């Protein structure tokens, strides 16, 4: 936040990066509530693998900005325990790729304790993770597993894809009595844009239409949002008005807003960086068939990552991931469907 | 040799940095691995090193400025630069461009059009129609709008569409003749469209055949007499079994020769229309048997008791105009068969026999062939075999 | 065979014609007109008609006489003549 | 490649070790430049300063022994004998790379050298290494498995589970911990309650020792002795190689967590300087030898760069190959 914004307050907007917005969200949370503390690998001295937490150690000290050893199961479990014990921890898992080492704690403890204890205990924990591919980090560092976590009852899963969401979603997540997993796609950190100074009541329950349209809806989240917006601009030049729907919350899914878009456009493309089989895109497609079957003028089309471990070379990675070209091809397909052969 | 010292990329997602401090000034010597400047990145201050020994020639970027990755920061005079030029100069094979989103998708997108139903905006209550029903309506040529107006408010399914189509049909029972007309039309249109026909005609001296026939008929009771048509059928059958390329089907882009010879005999119906049921194994039956079967066939056609198999079994068709009609008949092949023999009427004509001009009963025989299977030379050979058999009826 | 009442003869010949050409409406037949013109009678129809008459009335019909069976009235007259003076 | 580590230091043996370390050092420095020029992308973890561990260990391991490495693996791969052309082409992501370009810097594999590759997940290789050792034991093979990992892995659960299982089943595995004092950006003392890693290993009743990771001769001798013990059924051995990395943890690291003076102090006692000083003192080599070896090493690296530059990209049509085993041709 540069000086003149802070000084004037009010609704003046200034230009920040997604990274700075995310940092400001953590800073504001730490200031607002003494129970809040941050824990994760290299979040302190190193300043965060993606530099989101740079400078927080100097401002809040080592007790509330806690570097951990490379012991994901231990420090995520510790986050759960601290939440049970009355704190409001923010745990950073460097990337979703390392969260697999803490999957047991997340699934069998964080997500399950409330129900297992008959509602006596809830886990007000927020876990932040970087996610996604596109920086040639190869197979083990390029996973998109939001769909896995969105499968687990007891967890809330959110994916801030805009600078405003990066800034304001965290407070809503911290206020939630249940564990919230917040996914930050690595492509978004350098995103720069205006940040509204004060947005009251940002929720984590609703999807958002980022671009209204008429002929087709692109349903997406996180790192794929901006690919869809790019595709939508190309389509507009062709006279095709594409609606772009940012899911924002992946569990629970905002069925109401999804079906509204389907009713307006009758043609659907779901863009999801996960692998197609058993993906979030599969779940969304099934719900549309269950709830808006007669609104469909064409089968739902999905654009997902090719079912391969993400390869290192740029041209193979690009071919594997959803990209505007593949989104445009999918739109052509749903628009052509059903026209006279 | 002077080298550009550029801002290196220091991280997977680093796009630029702020040059905070120069550690060398023009004229200073610099060693490989020695820090030349300090830049401010999202991750903090990072020293950037020179990869060559040499002397700083000039500082290009000013301290405090934001510089994109790859921008020239300084120039260095280097002695060690004579080793292999830094990889940057060597042209790397281009990354296949097809992968990168073409800048202007517009051209490739020309065929994208907004769906026709302009009403999809704030359409009033939209009657639910199942995809299957929508497709069936399309097949039956019923517009979605008319579907939507049908009574009731529930979803429209396939059976609803078919009921609607049935009601829309004319109350009178469809005229069978009309249905047959459509069937013949469709087959003939398809034949014209798909089969490259070639036609050959030849006049045949029918005198011997007629003479033979009159003699035969005079020796048998009325019920066992033959007609000219059966002679032609027998001749074509024998010719077809002799030259197999005219006897069979053209399917899946290739010719399938038939093992047996079933002659499709064109029988005109009263008041228009034509059927061509098959006389099975006509090459293996004598004229007497063929005549009985042919006679039975015509009787059943007249009385409408046809067996469906008989319509599809024919491997080649013979058609004629009977006793009064055109001189020459140019028939259309009945798909999937690959040939058809046509006979005009027999008429008295001047004809040269052994150099003398005589009056003879001539029959104009034609054959239409499928050029995908046979060609003119084979066609005329086939025609000549038929003509020779008719000229020597005792061989039939 | 005694000569037959003309009415009786023509009804029997008409019955024969309907038998071999069931697709012809008997009432629509013009006795004086040629069957070929009216109903596209072909050589097979003529042979069937001749065979039926020959069997019905037990008379032999030479091929050359088919032309005399080309219409209904003509056929009746032919049969009448044949019956009157069997050759 | 398994010459006798115990024999007295000769010129020939000394220069051979120096040559191998210089090959690694020049390769790593060239990678920094190539990364700056966008030729190499993704993450890049360099092992400057840890060359003695790679060269000394590989010199004492058998050709058929199994090797499990980490994402800081270029030195291990080159010392193990993987062709430099293939390793550099893999850095570029070219089809001629050691993993057909699919793995990149962190995932270099070569089955012909039984080099079971790097692993981007800290500690990820430990369970795999005891599995390889179990297979060797069950098949009564005389080979062993060497598992390289850093001090960061010591804090992972897999470290505890793997060491316990290896000791419990007396598996032929040699644990080689490259303790370079930092787990990414976290100093050892801020990550481990007990910073004597060798002592930790003894807690599992595993024979463990701490070695000066900067002394290639010491490393070679220690690894040779440990490998012999394991080969003769002595059960797992744990060697803590105390060393230091001269460059950042990886590309895009401002090294806020340590002071430049510390790095400079360690550079003065680096593996290459240590060996060169000793050889010169025993006048087994002269400065021209050093210059020649460095020139040869740099030329080999440039040849590898040229090879990588002209190599082809894997065609996109092959994207979905090798997800599952391909039927034997």
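Letters A, B, C and D name the chains as they come in the text, with residue numbers starting at 1 for each one.
Definition applied: contacts are C-beta pairs under 8 Å (C-beta built on N, C-alpha and C of every residue); 3 or more make two chains touch, one makes a residue touch a chain.
All values reported here derive from a predicted model rather than from experimental measurement.
> Where each step is a move between two chains that touch, what is the least number of such steps from chain C to chain D?
The fewest touching-chain steps linking chain C to chain D number 2.
> Quick one: point me to the chain whose Cα centre is farthest from that of chain D.
C
> If you tally contacting C-beta pairs for every chain pair, which pair wins?
Of all chain pairs, the one joined by the most C-beta contacts is A-D.
> Per the centroid of Cα atoms for each chain, what is the distance between chain A and chain C, given in Å?
Between these chains, centre-to-centre, one finds 96 Å.
> Would you mind pulling out the distance in Å between where the CA atoms of chain A average out and where those of chain B do?
49
> Taking the mean of the C-alpha atoms as each chain's centre, how many Å separate chain A from chain D?
Using C-alpha averages as centres, the distance is 37 Å.
> Counting only Cα atoms for the centres, state how far chain B is from chain C in Å.
Here chain B and chain C have centroids separated by 54 Å.
> Going through chain A residue by residue, note those that touch at least 2 other chains and give them in order.
Residues 47, 135-137, 314-315, 319 of chain A each touch two or more of the other chains.
> Which residue numbers or ranges of chain D touch two or more of the other chains?
41-43, 253-254, 256, 313, 316, in rising order.
> What is the shape of the graph in which nodes denote protein chains and edges denote touching chain pairs (line, ring, star, complete, other)?
Other.
> Considering every pair of chains, which are in touch?
A-B, A-D, B-C, B-D
> Once bound in the complex, which stretches of chain D touch chain B?
Its residues touching chain B are 29, 32-39, 41-43, 251-256, 298-299, 302, 305-306, 309-310, 312-313, 315-316.
> What part of chain D is in contact with chain A in the complex they form?
41-43, 93-94, 101-104, 106-107, 119-124, 152-153, 155-157, 183-186, 190-192, 253-254, 256-257, 313-314, 316, 319-320, 323
> Which of the residues in chain C come into contact with chain B in the complex?
Against chain B, the touching part of chain C is residues 20-24, 36, 39-40, 42-45, 47-48, 50-51, 54-55, 60-63.
> Quick check: in the complex, which residue numbers of chain B touch chain D?
For chain B paired with chain D, touching residues are 6, 8-14, 32-33, 41, 43-46, 49, 51, 69-70, 83-84, 86-88, 90, 92-93, 95-96, 98-99.
> Touching residues of chain B toward chain A in the complex: what are they?
12-13, 15, 42-44, 95-96, 99-102, 105-106, 108-117, 120-121, 126, 128-131, 134, 138, 155
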